[in-house]
Amino acid sequence: MKRIGSLLSLALVIALLVSGCTAPAPSSTGGGEAASAPAETIKIGGAFNLTGELSSLDVPAANGAKLALAEINAAGGVDGKQVELIIRDGKTDPATVANITTQLIDSDKVVAMIGFTDSDSALAAGPLCQEAGIPFITAGATSPKLPSQVGDMMFLTPFGDNVQAAVGAEFAYDRFGPKAYLLWDKGTEYTTLLADYFKTRFTELGGEIVLEDTYQSGDKDFSAQIAKAKSLGEQPDFYYISAVPDDIGTTVKQFREAGITGPIVGGDGYDTPLLVEVAGDAANNVFFTTHALMDADNGSEAVKSFIEAYRTEYGHDPENAFAALGYDTMKLIVDAIQRAGSTDGAAIAKAIEETQGFPGVAGELNYSASEHVPRKGVTMIEVKDGKFTLAAEMVPEKVPAP
Amino acid sequence: MDDSLSRPVSVAQPTTWQRYAGVATPLLLLLLVTLYIQGASSAYIQRVWIILGLDIILVASLNLFNGFTGVFSLGHVGFMAIGAYVSAILTLPLEKKAINLPDLPAWLAHIQLGFFPAILIGGLAATLVALAIGRPVLRLSGHYVAVATLAFLVIVRVILINATPYTRGSRTFSGTPAYTTVWWVYGWALVTIYVAWRVLRSPYGRAMLAQREDRAAARSVGVRVLRSRMWAFGISAFLTGVAGALWGHYILSFSPNAFYFAETFSIITMLVVGGMGSISGSVIGAILVVLLSEVLRNLEGGFSLGVVQIPPLYGMSQILMAILFIGILIFRREGLLGGREIDLTKLFVVDYWRSVFRRKEV
Amino acid sequence: MSFFEYGVQQLINALSIGSLYALMAIGLAMVFGILRLINFAHGDLMMVASYTALFLLIDGFPFLGAAIVAVVVAAIAGLAMERVAYRPIRGAPDVAMLLTSFAVTIVLENVAVLTVGARSRAFPAPPFLSTVFTLGNLTVSSVNVVAIVTTAILLVLLTFFVRRTDTGISMRAAAEDLVAAQLMGININRVIAYAFAIGSGLAGVAGLLWAAKVGKVDPFMGFSPVLKAFIAAVIGGFGTIPGAVVGGYVLGFLEIFLQGILPGQSSAYRDAFVFGILILVLLIRPNGILGVQEREEI
Amino acid sequence: MLRLENVEVFYGNIRALKGVSFSVREGELVTLIGSNGAGKSTTLNTIVGLLHPRQGAILYEDEPIHRLSPFQMIQRGISLCPEGRRIFGNLTVDDNLRMGAIQRRDPEGVRQDREWVYALFPVLAERLHQLGGTLSGGEQQMLAIGRSLMSRPRLLLMDEPSLGLAPVLVQTIFQTLQQLKAQGTTILLVEQNAHQALEIADRGYILETGRIILGDAAATLRTNKLVVQSYLGG
Amino acid sequence: MSSCFAYVRPTQWLRLDDARSFADSDSRQTDQSERTDAARLDNGQILLQVRNLSKSFRGLLALQGYDLTLRAGEILGIIGPNGAGKTTLFHLLTGFLTPTTGTIHFRGEDVTSAPPPVIAEMGLTRTFQNIRLFDSLSVLDNVMVAQQLHTSYAFWETIIGWPTFLRKERSVRQEALDLLALMGLADQARRRADELPYGGQRRLEIARALATRPAVLLLDEPAAGMNPHESDQLHQLILDLRREFALTIVLVEHDMRLVMNLCERLQVLNYGEIIAEGLPEDIRRHPRVVESYLGAAH
């Protein structure tokens, strides 16, 4: 019992420690990671799932944001005040995600929050920010429903999936024809939404889905699905595959190895160097919709310098589109704070709504009071000889309702 | 302090008022701490307190099955999912239902229940499923039950993902009304602990423990092994379903991903740390793991130790918790309490204090 | 593509994925047979092996050299795992050991996230693992053939090992009766070490083949395969090597054929069917397809 | 040769052996007699290192061995033929014998010993490649004894070799034991069949509830009143 | 140890007043007491009728052609060498094993394939050769587990702790304490069962069996590990219990003195077959028994 007594007292001490750590004390003693912390700073919360299943998406986004932060502070911050990005790890666990959001709002006293690349987390964090009157911009969740689900403090940096799916459908219909094969990951919201919107828009155009198939998140062997596709009497005009960045290289590789040579079309999940690295030559004749041409040789100046800076900082190319989105999100929020001239949440949100023609690495951002999902051009990329090349810059004719 | 465990003691049996005092003390303490936290602490501490309460329900109800019957379920998070989804669907405001779940069958699309009935129905739904799968699965022996319940968890997930009209599939289920408060959570936590204690001190519980200790001997004195396991499974599933409902109305947005291995492992850690088969162990395990992992999480963002600056190491808290867990399994195989109970009644027995002080003198 | 060709194609697919499951399941079964430990961290050895190979390949090692080192590293990692985490709790209840292995998994995966990062990396498979044969309408990628052939060779070697060598027979003896094995003078620590080393080595091989097939590696790559291998081992009859092999192939066929046969969106229920069948197998043959009926405990 | 000094063994909190002391001299056949639960098997398991005493010492040729593990006992020439035979049912007869010789590094000697065991129990030679589990009870007992002999022990511990065997087979087994003794093997025999055990033994000890209550020459014990009353069914 | 074993002197542990009050409270508490039924049975009525019972394991016959007619009130002894099938017989009679052939009728009902709990409920229960208690439960709880067979609880009254439930619990506890007092274990009621000394554990096992209110009690080597003095005490205990509880007793035992003095009738098993049956004095001289079991000295 002695031991248990001491354990209980240990628990008590821990409880005290927790409250000590999290009382509205300066973050330097134990709060999140403080990228820079001079006396007077503007605090922005960065909530990301740095560990757990979503870490391969959130880590690049956080890295992008940190890169932007360094540039901002190097350029003098906001009105002479340095900006501080307090990063906390949601661990891909809903309860922890909500905990860190509360901590950022309540203990760290951030004026605005960015982060997360998935709707689960964004929807767990969003309402808390909404309630506290703090603007929250998600760096990667692409569900166009988010703002309507959360409220007027919720913003997206990427376009909604309905927009890119519509572009994909229109582009492929015109270029390849009306018969499509559709495969998607049924265990992930992003891929499900993308496939749904694609199907809606494509059938609306008069296209036909000749075969529809699914796989489970975590599946790495697509041979059964491929054999099924190959057993189609006549091959479709193109293959629309909705996959997350971690899967797409594998999927394309295995499709090509099985002798399927037709065009493969998809969304911004394809925007990762893994596509070419994993699939190699097999990646040719792949088309996908994304935010901007992220290519160190052929991209815009902004893109080139972003890639350069990212390489210098982290030793490798941006892992996927989320790196650029994280970068843009950070830049956008700071820009909005500067324009608002205040750290009041409502004022910042209003400044975001007034954003027009903001030059992000991943495309130009336009918002309005009714559009918290940015109006953005969609870039269509074609992979040629292992390189991403610009196939088209498009705005969809018609966007499926969110 | 050895004697405050339910080991044989030479002191007199506690009188009625001592027993009441033993029960009332922790309750009073709980009430005071909760009131204090509600009044004077940050929103974050309040949140941790609620999460702790939810975990206490989850661990105590898992203990009711795993600890009392000795067969291990790895599928309880599946019941949590059932509770969360069922109650969330039932309480979703009608206008949100029309938008979020447009394909619901008519009878579901036009009802909106209050929190309490929704919780009960969530729990009952979990119980029904438990009784349906329990009949075949609980016949199995030893860790094959663990295997089969793991399979159950996978199946629940697949069904959640595919039952799109009800669950939105893999898409986030949102719009759940924020009904859960600290009072709901601790109210149910007390109910859970009371039920677990009641079951333990009843013929049902004795049968569960007996078949855990020795299946053959239990059968020889008339214990029906499958039946006693079914009782445990059903009650435990109900409480886990309730916890899921409370969890759903607190976290508000969730998808099938929330109810999978990560959550399973986290609850099991608390159970094993506290000690299987001990109700107070469940509570202590939950407290320790929840608080410790919060502390570690707060430290992994990097901090300075005087001159040394510790860089951020995200993932360190999980690693340390896992190592702690292995350590406990190695050095205290039975968990901290090892199936015993902390009995505060003893604190009110004069002889007990006498014995404590006498020992000090020696 | 004719129906026949379709069937043959799926058969090859099933054999290939089944081979990988079998390789993984053998390791699980060897350890389980002796210790009654379900080692979930087995999957992370795949990750260890493929990252080792990846780094060596980046440094310009030839593939075979890198592969051999990787398999050895996996074996060593398995031994270390046994020494640090499993030996101290040997003899604990089955469930305690299972949970320990969960914890080991968490440690390994998070250490990997901390050290090599969470991002996926492309795995540069050599040409002999990435060419494609075409036979009429059938296409077979060489990695599948290599997987099938490697598994077959390893199975033959392993069978020879456990049937003919002293250590192999000791291993079977220890799996059958640990106490009697000790009385014979079998050093069980050594036998267990062998089981871990060989099982982990096989996991390493499976990891490399997996990485070549998938084309990339990441810290969580072992989770899904080990779950499958575990199911395979249970279906086949836990604790026996032939059972693990049979289970691996049965699971491979189940998955491929369910995916192939279930129409349209219902193929998303594949895993529910697979795991449902698992429960059925347990009910009908509680000790798996090849498992021996144990006497009722009295 | 073997000496137990005040050995105490616990199962959890239960004291199974409460200070057992006895000795076995080189070349002797000593029997340990007692009823079920008296601690006979516990004693043997402690000698071979499956259990470790909490108190007391076990000396083998004046060297303390009570901290060693079973495979080190084999190296020192102590072999236990366990109660209930415990042969490897999924291994062939030949492989079972091979396991008995697992630590030996003299293939020629092993081969000879195998021949010798087959000569001792000709029925085993007929079933060379049969699985152990398919043998009858008596054949299994022979295999178990043969297996223990394969390590060429100098001290052979036998735990209830007559258990569940037909009288005629028990005769065979006991004759074999005498034969082994004649060839110089020291034997410690645990038996419930006190009558027959005392017949072939040089000396005997009576173990009762974890204590040695009596120890004497076998012939003397056979006439002891208490022994006759409790163990010889007088 | 002998002190641990020593039963409290008969006058102490079996105060007849206690025994009677136990019996009385018993018939008061339950509407249809099994034991009062048993008490009403005429001595000589057939309780257990076994015909041609056989059991084989993987082709090995453990028991064959076994017949038994057990009459109320008798004490039957079953002897034979280890492995003769005695324990198998107990397993068959109590439902732990299902016979390969043959029938078992208990009180006129066919219980050949009934499971153990059903058989226990009908009034046939047993002890185990190696004591099998519920180790981590208290001594009292060990008995209470067995008692609930004859008390009905509604789930709802249990779960909310309704007064009716508490009343039932109190009376069950009192009965259990009475029974423990009878066996000299009253002051140990709150200890863990595995903390009892060996003799106490033996007595607790018998107390637990009695708590199911059996008509027939099968004792599997109750004197194992006892010295002659203790076995004498056991002898007396068994006689007293039979009288007080109107028991019919089947005893498997190696202690010849106990068996010969206590039992009214003996069966001798060897190789799963009855080789002799009859009065103790006849058995003692039976040539086959002498040859295969007792040894030539007799």
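Going by the order they are written in, the chains are A, B, C, D and E; count residues from 1 in each one.
Note that in this section a contact is a pair of C-beta atoms (placed from the backbone, for glycine too) under 8 Å apart; a residue touches a chain by one contact, two chains touch by 3 or more.
Just so you know, these numbers come straight off a predicted model, no measurement behind them.
Chemist: Out of every possible chain pairing, which has the most C-beta contacts?
Modeler: Maximum number of inter-chain contact pairs occurs for A-B.
Chemist: Of the other chains, whose C-alpha centre is the longest way from the centre of chain D?
Modeler: Most remote chain from chain D, centroid-wise, comes out as A.
Chemist: How many Å are there between the centre of chain D and the centre of chain E, using C-alpha atoms for each centre?
Modeler: Taking the average C-alpha coordinate of chain D and of chain E, the gap between them is 33 Å.
Chemist: So, what's the distance in Å between the C-alpha centres of chain D and chain C?
Modeler: Roughly 42 Å, centre to centre.
Chemist: Distance between chain B and chain D based on Cα centroids, please, to the nearest Å.
Modeler: Chain centroid spacing, chain B to chain D, equals 52 Å.
Chemist: Could you tell me which residues belong to chain A and also touch two or more other chains?
Modeler: Within chain A, the residues that touch at least two other chains are 50-51, 53, 186, 216.
Chemist: Which residues of chain E are in contact with two or more other chains?
Modeler: 96, 195, in rising order.
Chemist: Hunt down the residues of chain D that sit against at least two other chains at once, touch-wise.
Modeler: none
Chemist: Given the complex with chain D, which residues does chain C contribute to the contact?
Modeler: Interface residues on chain C, with respect to chain D: 166, 169-170, 172-173, 176-177, 179-188.
Chemist: Once bound in the complex, which stretches of chain E touch chain D?
Modeler: Interface residues on the chain E side: 1-2, 5, 58, 60, 81-84, 129-130, 194-195, 198, 221, 223-228, 254-257, 271, 291-292, 294-298.
Chemist: Can you list the residues on chain D that touch chain E in the complex?
Modeler: Going by the criterion above, the answer is residues 12-14, 18, 35-38, 133, 136-137, 160, 162-167, 192-193, 195-196, 208-211, 226, 229-230, 232-233.
Chemist: For chain A, which residues count as touching chain C in their complex?
Modeler: Touch residues, chain A against chain C: 50-51, 53, 55-56, 59-60, 186, 212-214, 216, 218-221, 223-225, 227-228, 230-231, 245-246, 249-250, 253-254, 257-259, 274, 277-280, 319.
Chemist: Where on chain E is chain B touching in the complex?
Modeler: It is residues 94-96, 115-117, 120-121, 125-126, 128, 132-137, 141-142, 144-146, 148-149, 151, 153, 155, 158-161, 165, 169, 190-192, 195, 208-209, 211-212 of chain E that touch chain B.
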